[in-house]
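Two complexes, one shared chain (chain A), two partners (chain B, chain C).
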Partner chain A sequence: MASLGAVAAPSRSRRESVAQAIILSGPAIFLAAFCIMPLVLLVLLSVAHHDEGTLWAPAFELTQYRQLAEPTFLRVIGFSLFLAATSAVATLTIAFPAAYFISRMRRRAQVAWLVFILGALSLSEVLIVFAVQVLLSTSGVLVKTLVDLGVMASAHSLYPNFGAVLTCLVYLVLPYVVLFLYPAVSRLDEEMPQAAATMGASPIRTFFLVTMPLMRGPLVSAAALVVIFTISSYLTPLVLGRPETWTVGVHLSNTAMEAGDVPLAAAQAVLLVAAIIGLLALVRWIGRDRSARA
Partner chain B sequence: MFGLELDRLSKQYPGHLAVDDVSLSIPHGQFVCFLGPSGCGKTTLMRMIAGLEEPTSGTISLNGRDITQEPPNVRKFGMVFQSLALFPHLSVGENIAFSLRLQGRDARVRRERVAELLKLVRLPGFEKRAISELSGGQRQRVAIARALAQEPQEYLLDEPFSALDAKLREEMQAELRQLQAELKITTILVTHDQREAMTLADSIVVMGDGRIQQQGAPADIYRAPANRFVANFVGLSNLLSVEVLDHQTVQLGARVLKVASVADPRTAGQAMLSIRPENVRLADPATGLEDDNVIAGRVTSVRDMGSNLEVILECDGGRLLTVVHARDWRGAGAGDVAHIWLPQDYCRVLAA
Partner chain C sequence: MSRNLISTGAQRLFMGLVAAFIATPLVVVAGVSFNATRRMSFPPRAFSLTWYREFFTDADWMASLRATLTISACAALLAVIVALPIAYAVWRYRSKVSQAMAGVGASLFLLPGVVVAVMFSALWGVTGHIGRIENVIVSHAAVFLGIPLSLLAVGFESIDRGLLEAARTMGAGETDAFRMVVRPAMTPYIVCALAYVFVLSMNEYLIAYMVAGFTIQTLPIRIFTNMRAGYEPTMCVAAVLFMVVGFCVFGALAAIGDLPRLMGRQRPLHD
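Presenting the complex of A and B:
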């Protein structure tokens, strides 16, 4: 009997693995063609030789990577990280309470809010960025209103600056983050905060001591979502920011399109991809289940 | 008054009245059980006491002070939730120390109190464990200890033992009773298990349809159920339809039976005779039907439970269940006619 079982088991697992291979081959081919191949080409390009005439020539040199260590570029990296972190904090500060309160509403109100948020997602990024530009301009509604209210002494444009870039980025990513947090927040056991209340915790302390820690995993993932979105942002800082508020994405584009240094741009892109992979690893590490510790 | 006072408390949900005009006094230090089937409003009533639900009307006062509008974190009644609601991101010790941390007690005091409470619930040395490492019974005890840490004025437990197996449940019940007796803390326990209520409570509040059906000491409720609902829900009852003749006699089919005096004026005319299975006796056939309160019935089934036998008989007015000690059983089988004695003192008349 034992030997029969031993024979039967592998044949079934082999059949399963064949089925698995067939099912997964589609995504695998897609991934190889549109993600891994371009990435390989990118890496090859980043070690190629920069040539003024032909843009690049196949080679293996680390000149570009050495150039990445230049202070100007390091400052760009630093600023991009700072912008991403600030955006993440600002977005979560708005999105988490929003998702929480939406999940506590009546069913019909919840649906209305979610439809509204999905509606905001249907607007294209380009449209939003230029709409914000118009809104913040000297003749925009916002400036006029502020002047009328006496908050602003005289009409002047509210961009380009860091605040404008941050505001627009938060606006762009906010619907994603609310929708991302909503399922997790909906599943939150209502009796956890209630238990905290019966032990004397005010609503605010309950929020920080119970609700937030219970939501750590989803919050960390949401923060990563914002960081990845922001760090590679291009249009928003370009339109609403000054050169000193440009992100890696803008510099990368300039390097390739204006300076014509395609290998250097490739090296910058490789660094960006590496940074994002590193970030995802960090998120996995932070978000691991600590309640299962020994 | 010293204690908890509920005055005409109601809770209306859209399309459903969960708690309907409940007034109740719970003296300090008592152990009270809210007993009733699911959906009877017992949990809603407890949640209103804790401050987790706002009453639609009525007031709650503690020691004479109106606390109806006080939020739960001001009342600070320790509560053990049915789901236990232990915080998974905190260790056992941190869970128990949660209320102490909120009070700003220093680490040494917290440590001592946690150790003391863990000893009380017989989990000494469990401070560092994660909640996920505990068994159901251990989690239960941690929840009980956590709600006690703040030394609450009222200790509320919502079906705390429902997830446990029978043996562990009985152990935990005994421990809780002992704990309550030691700490002399006013305790309200919500349960649908009448055995649990009978063995634990000083006083039982039987609830049905959002109302208090009967309130009193467990033995009184068992001996003298106030209505059909209570007779059926607390223990087993035989209910036979009868016609009330006067305050001490009823007519069952062709027989006139003597009953414990009929006090409720609503029971005039058609009514129900209620008698507990263990009070129904099989009469010696020799006595015949001439004796008081003896009726004839046909045995429909006999179930041997070991020390006892459960016998179901068919008689005028309905089905009758009786429990007979194995020693007294004369071996009648299905289809046999038996003489059944319904002792007068145990025959109670309830409104139909």
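Presenting the complex of A and C:
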């Protein structure tokens, strides 16, 4: 019996690995061609030679990377990081309590909220930017209301400026962050907050003193998500902001599409990807450090 | 007790404000689309469907709508076709190869849209295959691959392995077990993955623009081009169309599948 099993096992595992190879061959080709190849190409482009006529020629030079250290680009990075930090704080302030409250609702209300948020999440950035533009324009409802209330002296457009960019970015990333936090808050242990409540802490106090520290890991990851989204945002700063409120994302696509300097755009992209990998590693490290100490 | 009441009230107020924040721009655009005048005024002065008629009889808008729907449907199908074998292999064989493939497949979804757009425009440029509709389809499928990978993984994990074992013990072959247990269990998850990628692809602007924007005007590209050129009421109609499709698709998903679970809730939710 035992020997029979020993003989059967390798043949079964061989059959399984053949089956697996057959199943996975198609997806493997797709991944190699359309996920790995573009990444490799991006790195190759970033060290290629920029040529006005043919856009780029294969080479190995670090000209583009040297250009990244120019003060104008460093200022763009600095501003993008500031914008990213501001929108991360603003988004989490809204998204975390929202996700928490949603996860405590009854099933019907919860499903309705999820549909609402998924619907908002799927809406094109083009659409949201356009809607915000309509809302903030001189003839828009918001300006009229503010003038009627006497808050604004005369009707003028509420964009382009930093506030409009920030509001629109928060709007765009909010659904992602709520859905990102949703699994974590729905897993949250009820016992600790209940114990705090029994001992007389108000629900709001319990929320800030007990619930929030328990969520440190997911909150840090969510903040990273907002930072990644913000520094690479394109349409929002382009339409609702001025050139000084343009992010790395806007400069990157302008370099590629308008200046036609594909190698420089590739180098900017490589820098962005490297920064994101670094950020995610940092987030992971923070998360692990906390759980090890707890 | 009264303190509890206050905090419930505060919670209601907060969620009301969040709902208002999310709904306001959408309500404004929808309202403007029903305006009788060409002006961009809200609330609408007089109700009319003029711009809807204009939108649906305009050859350019219709060409964009067709292109957008073609791209989204094909991208959704392609993404699910690629993701399904990977997710299946991860669940069935638990092999390192399949797990690595799932990781690679999900990676583009984490990268910024601008980076992905530059990457794909370079890829299609190098291959000399420029400005074609299939460029957008393949690029979208690759970018959104992470969605079906994670949704289908949730689906496979929900299948009772005992049930599968029972089917085998009762003499069902691999194919029969697959047909009787795996396929029915997976159908809602596949539908969800298709719908999710469809909606995201339909709304995507930057990649479509950088990869083939000069030859194929998808709806988001056309809306953006119009927006830069000046206000046009038909844009609002296109915008309303997007909202209706998005909310209908996710509403339908909530009706056929367990949405809280799909979104990652692990504790069962009663009532």
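Some points to look at:
The rule is simple: the second predicted complex is superposed on the first by the 248 of 294 C-alpha atoms of A that agree within 3 Å, B and C clash if a C-alpha of one lies under 4 Å from a C-alpha of the other, contacts with A are read in each partner's own complex, and residues count from 1 in each chain.
One rule holds for everything that comes next: contacts are C-beta pairs under 8 Å (C-beta built on N, C-alpha and C of every residue); 3 or more make two chains touch, one makes a residue touch a chain.
Everything numeric here is computed off the predicted structure, so don't read it as measured data.
When the two complexes are overlaid on their common chain A, residue A:Val220 makes contact with neither chain B nor chain C.
In the superposition on chain A, A:Pro183 contacts chain C only, with no contact to chain B.
Judged by the touch definition given at the top, the superposed model places A:Val283 against neither chain B nor chain C.
Legend: residue contacts after superposition of the two complexes on their common chain; A:Glu191 is shown touching chain B, with no touch to chain C. In the superposed model, A:Ala164 makes contact with neither chain B nor chain C. Set against each other, chain B and chain C touch different numbers of residues in chain A, with C touching more. Looking at the shared chain after the overlay, A:Ser202 reaches both chain B and chain C. Legend: residue contacts after superposition of the two complexes on their common chain; A:Leu135 is shown touching chain C, with no touch to chain B. Of the two partner chains, chain C is the only one that A:Phe34 touches; chain B does not reach it.
Touched by chain B in one complex and by chain C in the other are residues 202-203 of chain A. Per the touch definition, chain A reaches chain C in the complex via residues 16-17, 20, 23-24, 26-28, 30-31, 34-39, 41-42, 45, 55, 94, 97-98, 101-103, 106-107, 110-111, 114-120, 122-135, 137, 139-141, 171, 174-175, 179, 182-183, 186-187, 202-204, 228-229, 231-232, 234-235, 239, 249, 252-253, 256-257, 262, 265-266, 269, 272-273, 276.
Within the complex formed with chain B, the residues of chain A that make contact are 189, 191-192, 194-203, 205-206, 209-210, 213-214, 216, 290-294.
Here chain B touches chain A in the complex through residues 50-52, 71-79, 81, 83, 85, 87-90, 98-99, 102-103, 130-133, 146-147, 149-150, 156, going by the rule given at the top. On the side of chain C, the complex with chain A involves touching residues 3-4, 7, 10-11, 14-15, 18-19, 21-22, 24-26, 28-29, 32, 39-43, 81-83, 85-86, 88-89, 92-93, 95, 97-98, 101, 104-105, 107-108, 110-123, 125-126, 138-139, 141-142, 145, 199-200, 202-206, 210, 220, 223-224, 227, 235, 239, 242-243, 246-247, 249-251, 253-254, 259-260, 263-267, 269-271.
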